[in-house]
Amino acid sequence: MQIGVTQLQDMFGAIAEAMRREKERLCELDGVIGDADHGIAMEIGFSAAATTVAALDPAASDPTTVFNSAAKSFLSAVGASSGPLYATAFMRAGSSVKGKPILSDDDMVDAFEAMANGIKDRGKADPGDKTMIDAWVPATAAARSARLAGKPLGQCLSAALEAAVEGAEATKDMIAAKGRSSRLGERVIGHMDPGAASAVVLIEAILRTFDA
Amino acid sequence: MQIGVTQLQDMFGAIAEAMRREKERLCELDGVIGDADHGIAMEIGFSAAATTVAALDPAASDPTTVFNSAAKSFLSAVGASSGPLYATAFMRAGSSVKGKPILSDDDMVDAFEAMANGIKDRGKADPGDKTMIDAWVPATAAARSARLAGKPLGQCLSAALEAAVEGAEATKDMIAAKGRSSRLGERVIGHMDPGAASAVVLIEAILRTFDA
Amino acid sequence: MKKFMNAAETMVAESVEGFVRAHEEFVVFGADRQFVRRRHLVPGKAAIISGGGAGHEPMHVGFVGRGMLDAACVGHIFTSPTPGQILNAIEDVDTGAGCLLVVKNYDGDLMNFEMAAEMASSRHRIEMVIVSDDIETASTNDGRGRRGIAGTVIVERLLGAAAENGMALADLKTLAAGLASRVRSMGVALTGVTVPHTRRSTFSLGPEEIEMGVGIHGEPGRSREPFSNADTIVRHLSEVVFNEVAPVSDKALLFVNGLGGTPPAELYLAYNVAHRFMQGHGLQIARSLVGTYASSLDMQGLSISLALLRDEEFTLWDSPVATAALRWGC
Amino acid sequence: MKKFMNAAETMVAESVEGFVRAHEEFVVFGADRQFVRRRHLVPGKAAIISGGGAGHEPMHVGFVGRGMLDAACVGHIFTSPTPGQILNAIEDVDTGAGCLLVVKNYDGDLMNFEMAAEMASSRHRIEMVIVSDDIETASTNDGRGRRGIAGTVIVERLLGAAAENGMALADLKTLAAGLASRVRSMGVALTGVTVPHTRRSTFSLGPEEIEMGVGIHGEPGRSREPFSNADTIVRHLSEVVFNEVAPVSDKALLFVNGLGGTPPAELYLAYNVAHRFMQGHGLQIARSLVGTYASSLDMQGLSISLALLRDEEFTLWDSPVATAALRWGC
């Protein structure tokens, strides 16, 4: 697959739209164990990112510009935890594909993995801490191994989504060690982490963009 | 009738008991147009007065002492509006019978009238202002004219009670011009003034003391 | 009714005790805890005493100290202190220059302070100032229905500053008289309040109702209105006080007072609306006060007070004050 | 949900605008209203910047001024400000002696302040202080779950005073590190709060329930308990903070903080209970603070903070401070 600026613009558009749709559910999840605003943060952040990215001239930009613009506008639109986490994710994705005008399937899997690493470095959460990391880490591992097995991008992302869904589901059984819910101890058991849930929404929107 | 310290002690005891019984209703009335505490003020004030008065040695006291002690203890137990109003009432009653060890029917009607005048002077309310004055003024007028017609104290107090009941009833149609409810304008119409209602309770207790 | 209290009977005493413990720098209890007074009196200064029911904290105990009150008497909740309390305070803090009693316009307070003044008059020079900064009632137009509410804070501050500067009793009374028509307030409630010892809400409001023109005792106000946004509510309050204040100056002190359950963020938002309104009507807002100073238990609501002051009154406002609730310049 | 607001989207901006209008003596807006800063910076002084979500007023804007903060950055309600806002504040108020960022221990705040610090590090000397005065969580015992709550006020005051006295950036960082184990707080909520833009209560409590160990974001606390009297509730809070604070001194600052909807009278009553408790456990309560300083919208509730300070820290506490919310000595 050949992915240029236009496809990435579509991708951010698709993520923004998905977040708009899922906003209420994400807020509800955050309401159980956090401060009930995760849906709002994701909606505001991604619509800002999508709008900024959509305004880029494809002829005068490259994928790195797209990721960096998304990072900056996400960051200035959203404080919260998700702001620095996703801003760092996109900045890392931008670095990982630096200098490439068109991205191959390998490049996209690299970018995807860079995002997860950015989130890990910024948030310093470990798997099992009941955060979005619990969706992102298995998702990137699945994408990577699918790619190593020679699968095309669409199938890599399918594998990632499946792993993310499972990872998010698994957060229900975890006691949070990071984020606002980390003080609740046993009381959060049975509830999915909202950041893990939104990671699923995001990965699904990426998949839909490149699977079409 | 011959009324001495003991009878006046009984009288304050009866008033205190009546206020204890009517406390809730008086608070409820005050809740509609005032601050819902009139029953509490009357209960506290009259139990303090009754206790102090009961502790007086009948052999070493006279009616003036009884009224003055009641005034003082009422006053130091209750701030509110009712405190100064009833304290002044009892002080005036005390003055009106000064020097008399035993009170006649005339003396009691004088004392009764002195109470109403004390309330009027202290509160500066006019009839029709929707206050306890609207019970007290007709009540003393009725007692006075019954006495002028030669009726014994019991019948004077009966007449007073009847007039007080009517006067209190009439406050329902008034717009308040004094007290907390005076800002409510038309909104108080239909509701009886709590101070007028407690005046009825008080007069009834006096009547019961001397009609037995 | 969830409140931080142990028993209705002891709640005022416990709260005032906590207040005194927290502010020993400024205040001490008077004899038998009948009143709260300044730790250090100023001999020869006219004494200023105020008081009223509890439930309005920090008013008045929070205003005892340098540049404001010499003593404050606290009654039961929403109930005047007794003449005995007031008399004791007079006896204690009058150092010879006489005593000014600052009373909010409620029959109960008036009568109790009057009785105290009568009882003290043989041994003390006493003057009384009645604060009635509330807006006019719809029904009576003679001003009798105007209660003393948050504007009392302004009056007590200015009188306290003037007394600290050495102003004599008679002149303090004149200063207060001059202020009477230039300080106006109006309140609004989003919720009623529950008086602990009655355990009843004095009025209750539906989720879409507010009460306009409330005082500080949980008594109903001028009218029940539909709830609306801050612009609508606060502009209405601002308009009424603007129209009722005597227009002797265009330099104003604007005061947004919280009624107990309203958080600072909402008070500041309301201040913003009122400030715009007053500026739009040609006033220069020279000073501001925003906070919970004259509360009504935990009522959610606020009042807007507007005071049109003369330059020398602003100087009084700015002079040093050191009390638990107001402090600057020292 | 009845609040004084116009729209959820504009409420923070309107409220901060009102705050700045009301306190022009102390503060001005930074460029694009991205932060609130002192009207007069002190060249050569280490700058102190704090910030966090809105909804905690007067924290932090109310602490901007002499003897405390140089700038405060405000995010959406309960949401960290962005790195851009913080960076702009750094650029504006660092007069050459570097900049101390005081951050409450929440992942969102931490990450946003960290990003700002990274972005500023090429041109500014930056240090960061993380306040985590909250009590230990039941589940994790490594202190990671300790949030920054009302004790932040104490830390900001002491750091601000020291900076005003000329203390260098590195020493400020040391001072803060020394305070970390000596300031502890615990909160209780009688009601949940409704975040305006979500229009949902983050937790709701029945008429006989309270939430123990809450923070200031409406997030649930340590445990749900039956409502009881002030003695029981406040003694419990007092006991936990007493047990968790590092016992290096027996001279304490005791701070009762209102969470937004609790009136002064109840805070003073709670102070009384806490004061008795602490005295009964051998502490000398040398300083007090009672009021709504770190709120959680209109939550009914309070927190108890205990700080065991050294003599030189009490001297810092007492030194002049002139901000909207704390003021003395000038």
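First chain written, first letter: the chains are A, B, C and D, and each begins at residue 1.
Note that in this section a contact is a pair of C-beta atoms (placed from the backbone, for glycine too) under 8 Å apart; a residue touches a chain by one contact, two chains touch by 3 or more.
Here's who's who by UniProt: A, B = Dihydroxyacetone kinase, L subunit; C, D = Dihydroxyacetone kinase subunit DhaK.
Being a predicted model, the structure only gives us computed values, none of them experimental.
Engineer: Hop distance check: chain B to chain D, minimum number of steps through touching chains?
Structural biologist: Minimal hop count between chain B and chain D: 2.
Engineer: What is the chain whose Cα centre is as far as it gets from that of chain D?
Structural biologist: The chain lying farthest from chain D is B.
Engineer: Could you put a whole-Å number on the gap between the CA centroids of chain C and chain D?
Structural biologist: Distance between chain centres: 29 Å.
Engineer: If you average the CA atoms of chain A and of chain C, how far apart do the two points sit, in angstrom?
Structural biologist: Once rounded, the distance between the two centres reads 55 Å.
Engineer: Which integer distance in Å separates the CA centroid of chain A from that of chain B?
Structural biologist: 78
Engineer: Would you kindly tell me how far, in whole Å, the mean C-alpha position of chain D lies from that of chain A?
Structural biologist: 32
Engineer: So what shape is it, when you link every pair of chains that touch: line, ring, star, complete or other?
Structural biologist: line
Engineer: I'd like to see which chains touch which, written out pair by pair.
Structural biologist: A-D, B-C, C-D
Engineer: Under the definition above, what is the set of chain C residues touching chain B in their complex?
Structural biologist: Its residues touching chain B are 53, 75-85, 106-108, 111-112, 114-115, 134, 137-140, 144-145, 147, 195, 197-198, 200, 202, 213, 215, 217-222.
Engineer: Please name which positions on chain D make contact with chain C in the complex.
Structural biologist: Chain D residues touching chain C: 2-7, 11-12, 14-19, 21-23, 54-55, 57-58, 62, 190-191, 207, 210, 227, 229-231, 233-234, 260-273, 275, 285, 288, 290, 292, 295, 297-298, 300, 302, 322, 327-330.
Engineer: Chain C touches which residues of chain B in the complex?
Structural biologist: Listed in rising order, the residues are 27-28, 31, 33-37, 40-41, 75-85, 87-88, 122-123, 175, 177-187.
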